[in-house]
């Protein structure tokens, strides 16, 4: 009953097998090998256009370098107040960009409210040197609290970014979970809605370590190549990432693992809805479930072997939390089994 | 006949097997899992003392963060003029440290000359704000040109660093190759000779991606933890590094692969010594061989399937290079076979 | 009727005379001359203890380097949401510190609310690498909206900073105005209340360009000397700053000019209170007055030669602003005359 | 007999008078006042074209921001090995640019040798991410050792920069001294020879503190405005710089002070040539004189009240320095008197 995070799982057997399959032989280093090239081409196909792909070590690196690719002196990037980029990256985006600022924007349940965004960006629109100026907008898909931006939501955000002439970045650490939740295509969920640069995460969805920056304007690729190398994010035996993505995309493994994780979240949510001791905080849309329960009950469950964490109350959550209650987060993954979920369901029945 | 670089090889079968063996199940993320802990303990044993270990994505990251751990405003790190840190890292050490400077010091065949080092460091010793001030000394073991610092050499460098109250960093991207060349212990080659912080590389010696910073003063570990996270170098599924190191250290695999690589280099050197068309530039001490030959001959060999690069003439090389000749580098690895070497030997006989 | 800002005034005649008086002769550069030394000693006397003094070019430099003096990877500095450091410095504090973050804390009328501060700092207290960690607290005295922290207010803030083991910085761009408003001593308003480092501003109060960092822990002075030089803030002909401070402190000129500015603000406030067309937004405590009036009225006044700006509504202001009204800021200085104030008073009578 | 540095002098009486003359009244802050505008226009006239002018606090700031204006990830700026930018700025250029590198190029007597420059830049020309890439060339006019690039010299340097598509920066801390030495115009010595950006120094030549960046491509001015503000180099009471430049340019004061300083250097050189105890190291071309003498003799002179420093032997100086001798630097300025020079001449006669 490991619901602590989707990064507690190891690697999907196909990913592990892919690594073993490609371990032998010799290949050009630093991302120029045949397997790397084949995977880049696969990204082109998946996104239905030419894209520039940069493997990096972590989601934090993908986010930080994506913003740095559009860096400006006095630059301000607008993100959701509870986004990973501002809450969980130890200031990496600011560090990589030499001090650009993240500006928190509110919105219900993890999604930037377009009205608030317009107000926030607009305030810095005048190119006044004292105030700083808009540099980027970044959204998380799916969000930190398991919700998903609809295609229209993304369009609304991107319209504002376009209006203010700043790029739109998508933190897709859980890209696949959102994609299958919306039942749409990668192209529709990104560049066709105005996304300029994407952190494409494979790690949480079954890889060991497979993160990529997908740049929809390949004209910027030359600069990003230097940014990545300078940031110590250029792998020598790059094919170990390529091999993971190769397996990840084969036979739509990535969509299957994401669908599975989402299904497990739905199953867990149903169990919580049926529970007497826990109640759903809001409906999960991807692979994260949030529930309210008494701390004593949570302690009991954790003592019985269930791994999960309490979570801070997000903006826009107007449900009641009693004095002896807390909000808890449960994350499912490719490795979550229905047996595990059902066992947990019985414990809270 | 892949002698282009030791990072053209993939992963040793035992490393691949180790990854597969640990792919299943759930484990705490971010380096706090049981396997991570076991590997940290293994480092303690290998180095015969308590050390703090930080997995990172690349050798460039290990070097850059090692120097940044001792960062100072106006700081100057002293390195060999042809070292990787100054020649091949796109300014990453300067970038990570917010602009500290690398100061090139000369020395024959890749090794810093202590006399030159004393002169270089001494010039900045006065804590004069205009000039900057010494921050670190960094040496590469084995060096970029396949030579090895003897234990006394390291001591001589470290005496100067100590005298000027700056730490000594060792870039051990090819640590194991030097270790077996000297037939010594990790402790003797590092902290017992005054090394304060080490980039411990596993990638070139049989791993996919396994680099670690080994800090001999664990009191600094708290700060380095933040430095690493901020630098986007904290892996979530950290056990994929741990699993590689676990296999790497098992049954002294790492020493075997290094011994093999060095032996292949020696075999290749012997073949070159016997050759009519190529001659050894200097004696290899680890897993890199440098030879002089006519460019036409090299072209012929490359056309016949041998992968290797030409190299710039290092400081301290006083051999003759004819007008139609160039200097070439050959790197061997765990994956180099004697058959491959012999085949090449026949081609140049 | 120049109420746009206290930096629209030039220099006080005594300051200009001081510069002329010291223009001749030769003197050691870079802050080591006799006049520099005498002024440092004067700072010791004024603050009733040994302090380390660093002249810098701008208030932004003083603030940015003060925070950088306590820099940490993942560091977060807590400031008021409407403070100069976060609103008007183009990200300089983040830039100088290589990406440390400013965290906005709310509080009424420009003053950090201790309760909010405790909550904000406490949230980052656990030294968790993902979240970042507290690095400094910074307050502005007097504040951006003309209010003043009482000595107890400062103590309450500093107690929280102490509790969390972070230093307290005071942005004293309008230090003298606050000092005379409280009728206290520099020592009482700073280190005796727990302030660790101070941006001491002379420019707004009658100098051309005279800003200093006052460090109450001289043990850190060696590092700050390098930080300042590296930040291109070390003047060669440093005595041109020293000469200004020399005149500034002579015969308590600085207290007189601050008292005058504050008195002009009080006079202006009284005129506004008597006005039919404008009303005081809140009581001024230093040299800034905020009033609400119809935009049409403000336009009329500006057309008639009064210089002042509209201002955003600060947190904690609960007065009514009508649909056709705006909030306006008026700043007085050493150069404001009572005639000017009275003339303005007649215009709004 | 103050020959220690041209920054030991204070301000020329006309500069001091200019400051006093403009101290009164009110003026828009931050460089937008009428006097600022007039001075910008004066720069246009002096350079015979539209330029963008940015006042900054120090020469180090001018140099660092000039290079940062052309910043690139992995960027390398080429400077003379003994230039101020690499020898005397505590790493400020690297710090401001977030870690770009300075690469030292040799050349005789303070001037970059074009042949060496071509070799150095060419080595990084391939846009290889590992190596970094050319970002700028910077020359100093007049140089640190009192020599002057001829117009052809500048053209030769700029041809190389153009060829490699990098901008040419001129550190003009002693711009006026070089200008009058060459008897040419500011336009001829800069943009007509391919200079893209200039650190224009007034401080050493009679101002208190008057440094400006002159950008010959005003299209970049918008970015530089943010760079300057973020670097804490935007003065509020900017007219105190403007007032200095206003006086500096009036009636060609700046050319007169430079001619005087150069003449004093020539007079001093003549005295040294006539001396029995000192000999000229090389012929001065601007306002710095270098002489070889016995240390005992120098001690005697210093004890008798002459202020000057010993200097390291520059590249390309092939004169003899005996075992008991050192090289000494003497700097003259607007404030040096012929009486002072003659008195020194008598002491060494």
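When the chains are written out, they are named A, B, C and D in that same order, and each has its own residue count from 1.
The rule is simple: a contact is a pair of C-beta atoms (placed from the backbone, for glycine too) under 8 Å apart; a residue touches a chain by one contact, two chains touch by 3 or more.
Worth saying up front: this structure is predicted, and the values here are computed from it rather than measured.
Engineer: Does B-C or A-C have more contacting C-beta pairs?
Structural biologist: The greater number of contacts lies at A-C.
Engineer: Farthest chain from chain B, going by mean C-alpha coordinates, please.
Structural biologist: It is C whose centre lies farthest from that of chain B.
Engineer: When the C-alpha atoms of chain B and chain C are each averaged to a single point, how far apart are the two points in Å?
Structural biologist: Distance between chain centres, rounded to whole Å: 51 Å.
Engineer: Starting from the mean Cα coordinates of chain A and chain B, work out the distance between those two points in Å.
Structural biologist: The mean C-alpha positions of chain A and chain B differ by 34 Å.
Engineer: Using Cα averages as centroids, what's the distance between chain A and chain C in whole Å?
Structural biologist: 42
Engineer: What are the residues of chain B that contact at least two other chains?
Structural biologist: Where chain B meets two or more other chains at a single residue, that happens at 30, 73-74, 89-91, 95-96, 98-99, 129-130, 226, 229-230, 234.
Engineer: Can you list the chain A residues touching chain D in their complex?
Structural biologist: The contact residues of chain A facing chain D are 30, 72-74, 98-99, 127, 129-130, 133, 222-223, 225-230, 234.
Engineer: Report the residues of chain D in contact with chain B in the complex, numbered from low to high.
Structural biologist: Touch residues, chain D against chain B: 73-76, 87-91, 94-102, 129-132.
Engineer: Considering only the defined contacts, which chain A positions touch chain B in the complex?
Structural biologist: Answer in residue numbers: 2, 4-5, 7-13, 15-17, 19-20, 22-30, 56-61, 64, 89-92, 95-96, 203-204, 208-209, 226, 229-237, 239-240, 307, 335.
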